[in-house]
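Heads up, there are several structures right after this.
Okay, so subunit A shows up in both of these, paired with subunit B first and subunit C after.
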Partner chain A sequence: MTYQDVKPGEVLLAVDNISLSFGAVRAISDVSFDINKGEIRAIIGPNGAGKTSMLNCINGFYHPQQGTITYKGQKRSAMKPYEAAAQGIARTFQNVALFKGMSTLDNIMTGRNLKMKSGIFSSMLWYGGAQKEELEHRRYVEDIIDFLEIQAIRKTPVGRLPYGLQKRVELGRALAAEPELLLLDEPMAGMNLEEKEDMCRFILDVNDEFGTTICLIEHDMGVVMDISDRVMVLDYGGKIGDGVPAEVRANQQVIDAYLGGGH
Partner chain B sequence: MEDMMYELLFFLEVLFSGLLTGTLYSLVALGFVLIFKASGVFNFAQGAMMLFAALSLVGFQEMLGVHWTIAFVLTVALMVVVAWCIEKFVLGKLVNQEGIILFMATIGITFFLDGFGQTIWGSDIKTLDIGLPTGSIDLGGIFVDRLELVAGLTAAALVVSLAIFFNKTKIGRALRAVADDHQAAMSVGISLRTIWIIVWSVAGVVGLVAGIMWGSKLGVQFSLTLLALKALPVLMLGGFTSIPGAIIGGLIIGAGEKLAEIYIGPFVGGAIENWFAYMLAMAFLLVRPQGLFGEKIIERV
Partner chain C sequence: MFYREAGQFKSSYKEDQAIFPILQDRVGIAAILLFAYIAIPFVMSDYLIGAIMTPFLILALAAIGLNILTGYAGQISLGTGAFMAVGAFSAYKFATFSIMLGGAEATLPLVVTILLAGVVTAIVGIMFGIPSLRIKGFYLAVATLAAQFFIEWLLVKVGWFTNYSPSGVITAPPLVILGFEFNTPAEKYLFTLTFVAAMALLAKNLVRSHIGRGWMAIRDMDIAAEIIGFRPLQTKLSAFAVSSFFCGVAGALWAFVHLGTVEPEAFGINRSFAILFMVIIGGMGSILGSFIGAAFITLLPIFLNNVPPLIGWNIGVDMIAHLEFMIFGVLIIFFLIVEPHGLARLWTIGKEKLRSWPFPY
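So, the complex of A and B:
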């Protein structure tokens, strides 16, 4: 396995003709698209279009029956979630998947999992060294907490937080991994206007300051057209449009299937 | 006055002895809870693991003629191998199966470990002697069995170190993460396999320590696996997913059954110790089905 460094503007991830079915349900059929390093890439489409399934294929939760995914120059038909994480792919979930019993701080610390080197024996036997490492990573996590403006809830068990804040903590956990590719599944769903604006700002800042490539799913058209460099449109598992926001907005097929569809 | 004083001291003596026995129940229950939390598997084999570990310890001691500390280290290593095999050959193949199927698999593991243990270490009752103290000591008027005291303190020390391990280290955090949400845990690069091997290993070591204590008291024999069933009422009381619940549940059952034996036993013709724990747990179950500290049962992805 050899992954290559990708320069800004070059293709970071390419999906080629992938198809994914669950029994009789065809979640994705023969879709190809790519994500360039450094861009904000949106995936839109009506409910059940296959958007989440696409992210699940990219980070290894689902294994498409057909097609390939090329990431950092390495072609594969399937990869394990562990390997995806190790290669710099981090994500958030549509239905907030946090560790409910743990504090904000601990949740975000889990994002450092792969950055922390001490294994089971050193953490048991050589407690001092593991502790030192723990503190170093803690510092990084505190920076993320500052960045996301969630200092006030550092020690709160996340199960008790309102939805909007949970989404923010989940973003923090993904950022803690210092990802190269960040997958966001409806990061603004269920938020009020102010929360949405905050989230937009965080996404743009992450993209700007760290050069993190972002692929996001979002239903709010205003937001999508505003912050994305390119937009892909899925409908019934197939791709019906792809391009810069202006192109997509003018695409008749997209207007019929999606924008006109009561959204 | 003198009489009352005596009664009180006697009560405390019974209570204390019950609590110390209770720590051993806690220990066995803890093994169950760890595995249940991390993988949603109800591990019927916990008792068999305890017996197997104790047998192996005695076996290594006899076979190699080494000091018990060396036998202990070898047994820990063996329990890690057992954990690895269980993950590799049994549970790893059954990911995404129903809880009942996983439960059946652990029954299979129980019989395998029982049989395998007898095959390599023989089937006669073994005495386990690692030089733990015997007799009793006088703690301000209360006579306490030394072995029970050592067992209680060891169990407490083990529980405290596990608590530190789970709360302060990366692995502990990963384990709690897996217990909460499998998918999210995988997305941050936590390997479920590794975590499962770790919890089964820890459960094996917990079983070893419990096995040493029970084995010193009762000899290493098949009936140890039945003692592990005492963990069931403990779990009903404490909740299947709560580590503090396992500890406190064990103490309540331990103390409860000793006190019941002494104070209620005579009125109902004795031998109450055998069933009191179950009655107590059943009664409790009717009032609070999720246990003292139990949470909603986790979904397995």
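So, the complex of A and C:
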């Protein structure tokens, strides 16, 4: 497969007419949208609208029954999540999915796994190749730890951390992969105001400094309208709005979905 | 004696990543090794060395093997005994086959024989690990149990494995390295110690590398592990391979160094369970714990046999056996429910307390 290099502002990923059902439940019906390189793209919608399912399709965890996904100018065939990861798609989860038995440092180090090549034998012998590689990646991970301001919990098993910090570590693990496209599923859910502000700052900084394209799902409208370049709105699996925040805010269908409907 | 890292500032990630970053740990390990190499052969009787120390070390190696699979990679196995048997019998086949080909002088070097036996076991382990891609937990345990019975049955039924020995018993060749023959229990113990210490070091390196992190990631949350790029197939099968390699080497040592003559029954389901208990009691996901667990399970029966009479409490032999089962049972339930990281974890907590003692804040 040959992926084209995508310049900022061009389409990085395009979803065309995808539909996904689980038995009788139609999670996504005939949705198309695209994500431009370098932008912050939000997906919003009431509970059960199909937002998480959309991210799951993008990173190869679900396979839509209809429609196509084009990534970097290349139509993607059904792929496994680890293949999507290898192509530069990283994500965080709605319910934190960290490795509970491991420390913050080790969790973030796992994010670099695709870049670490030492085999079993050189890892066993350690001194020489494996150690050198480990140190190289450790340096990168320490930069992420500094960036996310979590130096103090470097060695703490993540199972013992409060929820807000766990979300931060999970972001760190995704960043460690140096992704081209970062998918964030409700990165601020369950956080207090101060934690939300920190998280917003991190997201904006990542987007700014590394040029990482970000697609995020978020329920907090204030946050979404503040930080996103474009917003797509899903309701009952269908797309009901798409555009810059001001357009979406003025969209009557969107207002109805949020105010009416009893969600 | 203070155990703390205060004042030991690590100026580089390299130091922080050293295998034993705290000075007292390094001193401790060095002291244990010195003790094991120098004091034990002099102080302990040949009988105790042969009956306790050597089997303890070999079982610890098997426990490391199982710990890699179950403690680190989260794949439960009840086939450890069978994998040890594969190691023992393939070492036997390699040794006797090379003698057959080239006469006694041309026999493969002992260390090569043992390592090759480990490789064969790794391959067998991979084969029996394939179901783990589809099934988990209880069902995987049952599948490995099937492996246990199948391999045992095969080794008893197919004469080729024992070179058609009528009794099904195999006899190991003499232990010779570069012309030196390991004869006395102390010599055999030192040979085992070297082998086991070296392999424990390799295991420790592996579990702290990115490969070990992959195993733990699959253990803690397999879906997330796959989504960040670990391939479930490679990750699980590499754990089966490495784990079986260790168990195979342990089996070869058990046959060649500890027992000398051995039959498949020595590697039955009881052996599998004993090693699983070592891992649970010692601590899942801990190399040190594998040693602690092996020591515990080897020593408890001896302790029960000797201590009650000493304090004038005469309990019968079967009472001791019952007591043994009861203590194991209670401990296993305790550790499974309360502290899955076993005795090794209690040791770590103790160290953490000491580190901040006497001012915890």
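Please note the rule applied: the second predicted complex is superposed on the first by the 251 of 263 C-alpha atoms of A that agree within 3 Å, B and C clash if a C-alpha of one lies under 4 Å from a C-alpha of the other, contacts with A are read in each partner's own complex, and residues count from 1 in each chain.
Heads up, the rule we're going with is that contacts are C-beta pairs under 8 Å (C-beta built on N, C-alpha and C of every residue); 3 or more make two chains touch, one makes a residue touch a chain.
For clarity, every value in this text was computed on a predicted model and none was experimentally measured.
Trainee: When the two structures are superposed on subunit A, do subunit B and subunit C clash or fit side by side?
Mentor: Partners clash after overlay.
Trainee: Would you check which partner chain A:91 touches, where first means subunit B only, second means subunit C only, and both and neither mean what they say?
Mentor: Both partners.
Trainee: With both complexes superposed on chain A, which partner does A:138 reach: first (subunit B), second (subunit C), both or neither?
Mentor: Second partner only, subunit C.
Trainee: Answer with first, second, both or neither: which of subunit B and subunit C does A:82 touch in the superposed model?
Mentor: Both partners, subunit B and subunit C.
Trainee: So, A:173: does it touch subunit B (first), subunit C (second), both, or neither?
Mentor: Touch status of A:173: both partners.
Trainee: Is A:114 contacted by the first partner subunit B, the second partner subunit C, both or neither?
Mentor: In the superposition, A:114 contacts both subunit B and subunit C.
Trainee: Of the two partners subunit B and subunit C, which one touches more residues belonging to subunit A?
Mentor: The larger set of subunit A residues in touch belongs to C.
Trainee: After lining up the shared chain so the two structures overlap, which partner does A:101 touch, if you call subunit B first and subunit C second: first, second, both or neither?
Mentor: In the superposition, A:101 touches subunit B and subunit C alike.
Trainee: Which parts of subunit A are in contact with subunit B and also with subunit C?
Mentor: Touching subunit B and subunit C on subunit A: residues 59, 61, 81-82, 85-86, 90-91, 93, 97-102, 106, 109-114, 116, 118, 120, 123-124, 130-131, 134, 173-174, 177.
Trainee: Which positions of subunit A touch subunit B when the two form their complex?
Mentor: The contact residues of subunit A facing subunit B are 59, 61, 81-82, 85-86, 90-91, 93, 97-102, 106, 109-114, 116, 118, 120, 123-124, 130-131, 134, 173-174, 177.
Trainee: Where on subunit A is subunit C touching in the complex?
Mentor: It is residues 59, 61, 80-82, 84-86, 90-91, 93, 97-102, 106, 109-114, 116, 118, 120, 123-126, 130-131, 133-135, 137-139, 142, 173-174, 177 of subunit A that touch subunit C.
Trainee: For the complex, give me every residue of subunit B touching subunit A.
Mentor: Listed in rising order, the residues are 165, 168-171, 173-174, 176-177, 179-181, 183-191, 198, 295.
Trainee: Help me check something: in the complex, which residues belonging to subunit C touch subunit A?
Mentor: Spelled out, the residues of subunit C in touch with subunit A are 13-14, 17, 19, 202-203, 205-206, 209-214, 216-217, 219-221, 223-232, 238, 242, 285.
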